[in-house]
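These are the structures, in structure tokens.
Two complexes, one shared chain (subunit A), two partners (subunit B, subunit C).
== the complex of A and B ==
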């Protein structure tokens, strides 16, 4: 069980932004944890997660989402361009209850290893209605290059609204 | 009107840059939005087709959705 958990960098947006990128991530940790409290200014609730600025078709993902009592699942069989990033739905959008933000956590173990990089992502879309949702996602970045940057954007071309927050933590296992 | 911005934070130096998107990046965002909308409509159609096929089977069997749920539960 990891014994350390250190804040690398984090902030809350003072104004909207189309993307948020952590760059020059130190390679001194074992794992990374990314916590995002986010909301988009458009109706599309999908987000994109991309590593090292790499937009090649090296990404795989499978997700299960439950909104209200309905369930949905899909994966990279969407095809291009959905294999050029990890797609994650469930970010609060402009159609959800005002001033609510989704709660997202992403865990990236062994991010410096010379092996493919798995990512676990869980999130909840907050709502004061019956259509709140939860997503569980398994992602894979099929590159052996250490992860040194992480970018988060909207799938639908929107912006992260002011008040969205992004916190990156490093975990050491010794 | 100014383009949207992107934020890049350097985790080593702590420097935070707020960078205005280029016109090419804005065009890419718009293309992303169009692709996402196409995918959303495809998902909706697939779900509607599945529901219609299910309803047709239930109709042939003379069952209501609740009765089918009891059978399959």
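== the complex of A and C ==
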């Protein structure tokens, strides 16, 4: 049987950047897996995920988050239809423990199909204190165009700090 | 960390016509873990399925759910069940719901733990689920059966893939 799960591109930032983009993604795989270890230079710990440079209202998402605060856990949920991006939560911010980076994974099945694209996110932000959390998100990109680029930015206008890393893998089912 | 040869497709099924079941059988025991990836898209609005291992109809399955629909965050549990359940709450018949199931040490002689994800956003509705499951059997898993509920069928074009993952 053939092996699959191939690294398409990986990079660790040598200097801060407002965005990171995977472009010219080959159409030769079945699914895509994005792994990010990131940190922002502002207090907002949310990011934005966009496909194909598309900023129209074709995105929506639903998330459930468990945040460690005074009590053992606090589960919240929030949904955003007709959005212009898929929310990318759970990135360490400037107010979290220094030298700590988040752990984020996105799975995007059938990214070349001429159908709407469901998205799965599992994001973790730990910092050995309160306000650490885990977020699980279902997203949808209502476009039938094959995905050839993925862009990640801060939701609050900040930058990815130096040391943030971005890895994109392709998965083949045959 | 490219997994390279440690992550391999065992089998994939794409339905040419609607069907009520998808089965992976004769699963080799040569991997450490297995991962099932599929899109749940059914002919009716039920949009739910169940999964059975080794054709075992005993009450050997249990699951604990964490879910959110944008309004309520919920946790629930099934104990002594006869299947693993997959559902996104029956929200739409046009947008596929993305599902995964990881079964760890599937060929071992201890009970089998599983991690299940269901991601079904529907632009204003839908659900996100993360589920931990336990299959109380010490037999190696050699067969996985996915079945729709209530005489429903998976739509043509539905694809399910089983991957094997080696730790060495």
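Before moving on, here are some points about what is shown:
Convention: the second predicted complex is superposed on the first by the 157 of 174 C-alpha atoms of A that agree within 3 Å, B and C clash if a C-alpha of one lies under 4 Å from a C-alpha of the other, contacts with A are read in each partner's own complex, and residues count from 1 in each chain.
Criterion: a residue touches a chain if its C-beta (ideal position, glycine included) is under 8 Å from a C-beta of that chain, and two chains touch if they have at least 3 such contacts.
This one's a predicted model, so the numbers in the text were calculated from it and none came from an experiment.
Shared-chain residue A:20: touches subunit B; no touch with subunit C.
Set against each other, subunit B and subunit C differ in how many residues of subunit A they touch, and the higher count belongs to C. In the superposed pair of complexes, A:46 makes contact with subunit B only, with no contact to subunit C.
Shared-chain residue A:81: touches subunit B and subunit C both.
Residue contacts after overlaying the shared chain place A:124 against neither subunit B nor subunit C.
In the superposition on chain A, A:11 makes contact with subunit B only, while subunit C stays out of contact range.
In the superposition on chain A, no contact is made by A:146 with either subunit B or subunit C.
Touching of subunit A by both subunit B and subunit C, each in its own complex, is seen for residues 78, 81-82. By the touch rule above, subunit B contacts subunit A in their complex via residues 4-14, 16, 18, 21, 25, 29-33, 35-37, 39-40, 43.
In the complex of the two chains, the subunit A residues touching subunit C come out as 1-7, 30-31, 60-66, 75-82, 107, 109-110, 115-116, 118-122, 136-140, 142, 167, 169, 171-174. Subunit A makes touch with subunit B in their complex at residues 8-9, 11, 13, 15-26, 42, 44, 46, 72, 74, 78, 81-82, 154-159, 168. Every residue of subunit C that touches subunit A in the complex is listed here, in rising order: 1-10, 12, 37, 39, 66-73, 75, 94-98, 100, 117-128, 130, 159, 161, 163.
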